[in-house]
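What follows is chain A paired twice: with chain B in the first complex and chain C in the second.
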Partner chain A sequence: MKTWILIFLSLSLFSSTVFADELSEVDHFMKEKLSTVMKVLENKSLSKEQRDAAVLVQINAAFDFNKMAKLTLGRKYWPGLSTTEQTRFTSLFIQRMQASYLEKLDLYTDEQIAYNPPIRVNKNVHMLTELVSGDNHISMRYKLYKSKESGWRVYDIELEGVSIITTYRSQFYEVLDKGTINDLLNKLEQADGM
Partner chain B sequence: MKTSRSYSANLFDKVVLGRPRLILFLILIAVSFLGTQAKKFKLDASADTLILEDDEDLQNTRTVVSRYGEQDFVVVTYHPKSDLFDKVTLEHIDNLQSDLAEIRSIERVTSLLDMPLLESPKIPIKQLATKVITLRSSEVDKKLARIEFKNSPIYHNLVVSPDLSTTAIQVVFPADTKGNDLLKRRIQFRKKEREGTLSPSEKIEYAGVRAALSQHNETMKQLRHENIAAIRAVMDRYRSDAELFLGGVSMVTDDLITFIKSDLKLFGIGVLFFLIITLKLIFKNLRWIVIPLSCCFLATLAMVGFLGFFGWEVTVISSNFISLQLIITMAITIHLIVRYLELAEANPKASNREIILETVASMFKPCLYAALTTIAGFASLVLSNILPVINFGWMMIAGISVSLLLTFLIFPIALSFFEKVEKQKSSHKVFPLTSILARFTEHRGPLIIVISIGALVFGLTGIMRLVVENSFIDYFKKSTEIYQGMKLIDQTLGGTTPLDVTIDFGEPKENKTDSVETAGSSDEADTFDEGDEFGDFDEFEEEGDADKYWFTSDKMARIKAINDYLDAIPETGKVLSLGTMLKVAEKLNDGKPLDNFKLALLYSELPADMRTLVLDPYVSVEHDQARFSIRVRDSEKTLKRDELLKKIRYDLINQFGFKEEHVHLTGMLVLYNNMLQSLFDSQIKTLGLAVAALIFMFLILFRSFKLSLIAITPNLLSIGIVLGVMGWAGIPLDMMTITIAAISVGIAVDDTIHYIHRFKHEFEVDRNYMAAMHRCHESIGQAMYYTSVTIIIGFSILCLSNFIPSIYFGLLTGLAMFIALIAAMTLLPQLIILIKPLGPEVELKQK
Partner chain C sequence: MISRSPLILLSLFSLFMISCAGVDQSRVTEGTEGNLEAESLPPADQDPVSDQDHFSNQNPVSNKEDEFGELEDEFAAVEAEPVFDPLSGYNRGMTQFNDGFFDWVVYPVSEGYKLILPKGGRIAINRFFKNLFFPIRFANNVLQLKYDKAAIETGRFIVNSTVGLLGFFDPAESWLQLKPHPEDFGQTLGFYGVGSGFHIVLPFLGPSNLRDLVGKVPDIYATPLTYLDPVEAAYAAETHRRLNDASIRLGEYQSLRKDALDLYTFLRDAYERNRKAEIEE
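Presenting the complex of A and B:
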């Protein structure tokens, strides 16, 4: 009996240690990426192109855009697409996401990032941060999952509780519920503010 | 027949003329009792009386009202002598607002001073929760505020006029929860009643609910009347600084009742005065004034008592009812007078009582026939599906019966108290119209036919031009305050008549959720190997339905497009929707449209009280629905309500690609239009039925097909010309004027029956059509002539009313009366002479 208790305890300790390691891994990973981005933003000597290129390197490493593309269509629509459609959609979606992200950088003035300890949500980890400018605090939640190939990657961002993936999903579903995947692809190509 | 008549005549002689005082006493007791019920007599001009109870759009309107929280309100327009944004002006507005807010039973008063300003100076949306700048705020920049008011998609043309010279102050009444509850219960009971599933206990409860609702509506009407009087009293105190008007559905309803009531009082007296003068001029004897007016007074009082007793409310549609009863009673009385005088002259030796008895005996049959036929005509209204029209039908049936009964009792009794008239001066010698018409008919027969055909063509072409259109504003003369106020609101403050367009963006939510679950969770996830890939990310499945994600840019673009489409229609005034609110938000977003993410963010960040102000009235996320609140410019001359509604519906389906069942048009404009369309339809149908009923009655009365067809002709001519004149004169068919058709039938039938009935008698004398015609013109023709003159002159005073429908009623009744008289005394005899329906005549010489 005693042996069993010992085994159980050591297993629990082991698992919590594993979790603690993973949380600090995510904490470290995100802080590094975000602080690099902040440094790029604060460097006023860079041109817009140079800045965008430098930021893209960081976010490409941090974000799993392929995953995000799949999640926006969800199990309702993604599995139904042909491989060609999936590839075309993913590519258009990534372009859209990156463009949207870079566009937001123009709004940057003097904001600083305040970090809160990451938390585990099921198998994933959420990194909670706040964008602080004067009295203004904007909460940002980076949601990460552990990819088999490349480790921790961001699959969604929540700004003040609003999820980017769900926002896109609601819009894409609206098109797909009434039309076809080609309608959606055409809309994405037209870049009409989706 | 003769024995039975003489038996009933004897009975009448014994019972009525034998004990005139006792019978009169009994009548007075009965009428007095009914008189006490007259206190319960109600006039209802509320919006509810103008709409169809079974109308599906009514249910939809009630749903929209409760879903988006609409409340009853009136608007005070304020046009200051100095600049609107002057410190002193704003102080005056503030004082006016406080004074209005102090009135009992007013929930809130809002003015331009309370409007949140987002750009005076510019503030971020998130700060709206803690810091709302208004014209009252110390930090407000008035110069910017002026620009904001002028350019704001919300305030422009609603709170302020485009030229910033006038502002609107909204006075909101509390929601009538008690009334709404009672109404809901009544609807439920009524549904059960129609289905025949009402249990005995429910029947009692239903009666209780009806009584309670009626009582409640009465109280509310009184309260609203007091409110409006109090608002006007407050407005009067500010008239030295500015020009003020009052507008709004509640006010229109209240003013409508006030106008009808004041017309009933003022013109009731006027009509009475004119009747006295005309009776005096025609009959030159006091008794011929006292007796007819007593009959009219008692018959009307008794009928008003009946209305009170049965709880029948007089609505805008049946407001002409009292006048009609007056006409019918007066017609019967004049026929009796003329017959009495005729008999008195022909039988100088007979006693007063004998002559009275003979008058009653000889006139009862034609008067009864005329009454029965008119009843048949009005009974057709009972077949309509509009409650006020049905009630109007019943009222007329009861009214005509009361008039016939009372006149045939009061007239002989009253006359028995007087001495016999020895010799009555004939007034027609002054203007012998009947003799002229008799000679005209004799010598110009073919011309009469030609003129009649011409008149019929004129009538028919006029009927083709008839339109079912009218606006509340057209009910009032341009000089009235109500007209000017509504015109101002229409032209510069966004329009008067509310119209709601609601659009469903998808199927009802329950179905939608179901379909997502079926597609995603079970079948597909099992079928595809990749299903697992989504297993760790179920959060998106759960939160996808959250309200904030409803606001997609695609949806917003469609809402904005619909908003712009509705706004671009010339007849619409202010259009408020989520589209309007988005325009404001875009202004704050440097003029760029908001993307999905910003929309969701905006929704999340919007403070709760702002959400109730800018979102709740226009969006129901729960029902996947957006609402466009439109105010239509009632006074716009190009406005064709039915066409406008059809066009909006068509365009939303075909241009914007919505399914037919997803587009809903509701509100006052729709209900009012439905009412008018259905009134028009039912009038056309009931008019057809009325004509059929008349032919049937004529067949029974005259037992001759030929004679029945001849009899119907002047009636058709009368309806045709009256409606034709309306068509040519551009008088639209509305719920007031539409009853004119029924009235003209009633009047024309009277003349036709009396004339033909007498003609048959006179023809028996010498079997000569021409001679019979001359005798008829000089006898019954006189009665018809006097009746017409009395009524035409009596009602002509209505032309002085400020209420346009009263003017139309006065003029068109006169016209109907005139046409009926002329047709009955030219076309009718001409057709009889031509067709000879009573058999071959005997040449006078041979005789």
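Presenting the complex of A and C:
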């Protein structure tokens, strides 16, 4: 009996410290990435191209774009695609996400980030931040999962409670429910030129 | 003139509401439950895990499917609750109209307005109007039993109306760290389990739904601007407020629009999800 209690206690202690460590790991990781992005944005001596490139270095290290691409098609559509279709979709999707993210940064020039402590949701960790721009507070929730190869990575962002993956997913499904993957790829390509 | 029509609207819409609320309520509670599972039981929630194990035991071959893991379940749950949209034909047309109105009126006028007034001034005016809407935020925080937030809102109103020079500045936040807690009557209705009803796109104002439309009525009564005399002054003030607000967030709509494959469904889903998140807050 005693040994069981001991085992139980040590296990629970162990697991809680593991959880705490993971939370602070995510906290450090995201703060480092986001604060570097902010520093790049503050640096007015950079041209737009230099700035975008520097920001992309940071977000490519933090975001798992491949995972995001898969999640937007989901189990329903992703496995049914050929490898070429998957590659093509992924690259179009990534281009789009990056362009969209960079453009959003352009909107908020005098922004600051306020960090709230990260929270654990199932196996994942959510980093809660708030963009403060002028008089506006925009809540941004970065959702991270632990990937086997590269550690903690962002798989979704919620802007004011609206998930980016969900938004893309319902749009993609609308196209795919009625048409084919080629319709979707064409639409993505057209929109890219906008 | 203005005081009669909202009352009639309210009674008409409340009739609609009663017929729709029953259908929709189940949807709302379903959604909240799903979220509770995801949000409030972090380590103990084993359902998706065991589901997943089950899945991989059955098909040990499909590695590809395994990659999705529990992440997929999070998004699959959302699909089960589509937006109730019987007016989609009208809504689509109105979205096109509003989009054109933005390009041809809102955008050029706001650009002109920006030339006259520097950003600092526009932000101050925005704050002034927001401060005037204190009664809406206060009443709806109280109605949702969020007394602490109602108290914070009261503190903000007092500080900003006095030290903040009629609300043109926001010392309550910058000095005292008192953040705003906006709530409106649509959120209050949602708080008490009223379903969103059908989605409707309003001319000039954009996406809304039955619940939020009904919610606008008491909020209009709680807005000091409504009581300006003559009525034209109230309309002028409201127009100025919207123009000023648009000038501050000008790029937002254009940037958002680019994320859409289909503008109407994109704006509709974003609106409904954002409101749902605001209600659950």
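Everything below uses one rule, namely that the second predicted complex is superposed on the first by the 189 of 194 C-alpha atoms of A that agree within 3 Å, B and C clash if a C-alpha of one lies under 4 Å from a C-alpha of the other, contacts with A are read in each partner's own complex, and residues count from 1 in each chain.
Assume contacts are C-beta pairs under 8 Å (C-beta built on N, C-alpha and C of every residue); 3 or more make two chains touch, one makes a residue touch a chain.
The shown structure was predicted, so the numbers you read here are calculated from the model rather than taken from an experiment.
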Once the two structures are overlaid on chain A, check if chain B and chain C clash or fit side by side. clash
Have a look at where A:Asn122 lands relative to chain B and chain C in the superposition and call it first, second, both or neither. both
Please indicate which partner A:Asp135 is in contact with in the superposed arrangement: first for chain B, second for chain C, both, or neither. second
Tell me which partner A:Asp177 touches in the superposition: chain B (first), chain C (second), both or neither. first
Figure out whether A:Asp106 sits in contact with chain B (first) or chain C (second), or with both, or with neither. second
With both complexes superposed on chain A, which partner does A:Gly80 reach: first (chain B), second (chain C), both or neither? first
Could you figure out whether chain B or chain C reaches more residues of chain A? C
First, second, both or neither for A:Ser24, with chain B first and chain C second: neither
Only one listed stretch of chain C (74-82, 146-154 or 164-172) runs into chain B, and it is 74-82
Doubly contacted chain A residues - partners chain C and chain B: 70-71, 74-75, 78-79, 100, 121-124, 136, 145, 155, 160-163, 165-167, 169-171, 173-175, 194
In their complex, what parts of chain A are in touch with chain C? 15, 19, 67, 70-71, 74-75, 78-79, 100, 103-104, 106-107, 119-124, 134-137, 145, 155, 158, 160-163, 165-167, 169-175, 187-188, 191, 194
Which chain A residues qualify as touching chain B in the complex? 70-71, 74-76, 78-80, 100, 121-124, 136, 145, 155-156, 159-171, 173-175, 177, 193-194
Would you pull the chain B residues touching chain A in the complex into a rising list? 126, 506, 516, 519-520, 524-525, 527-528, 530-531, 533-534, 536-537, 539-541, 543-544, 546, 548-550, 552-555, 557, 593, 595-597, 600-601, 604-605
Chain A touches which residues of chain C in the complex? 38-39, 42-43, 45, 48-49, 62, 64-65, 67-68, 70-72, 75-76, 78-79, 119, 123, 126-127, 130, 170, 179-180, 248-249, 251-252, 255, 258-262, 265-266, 269-270, 273-274, 276-278, 280
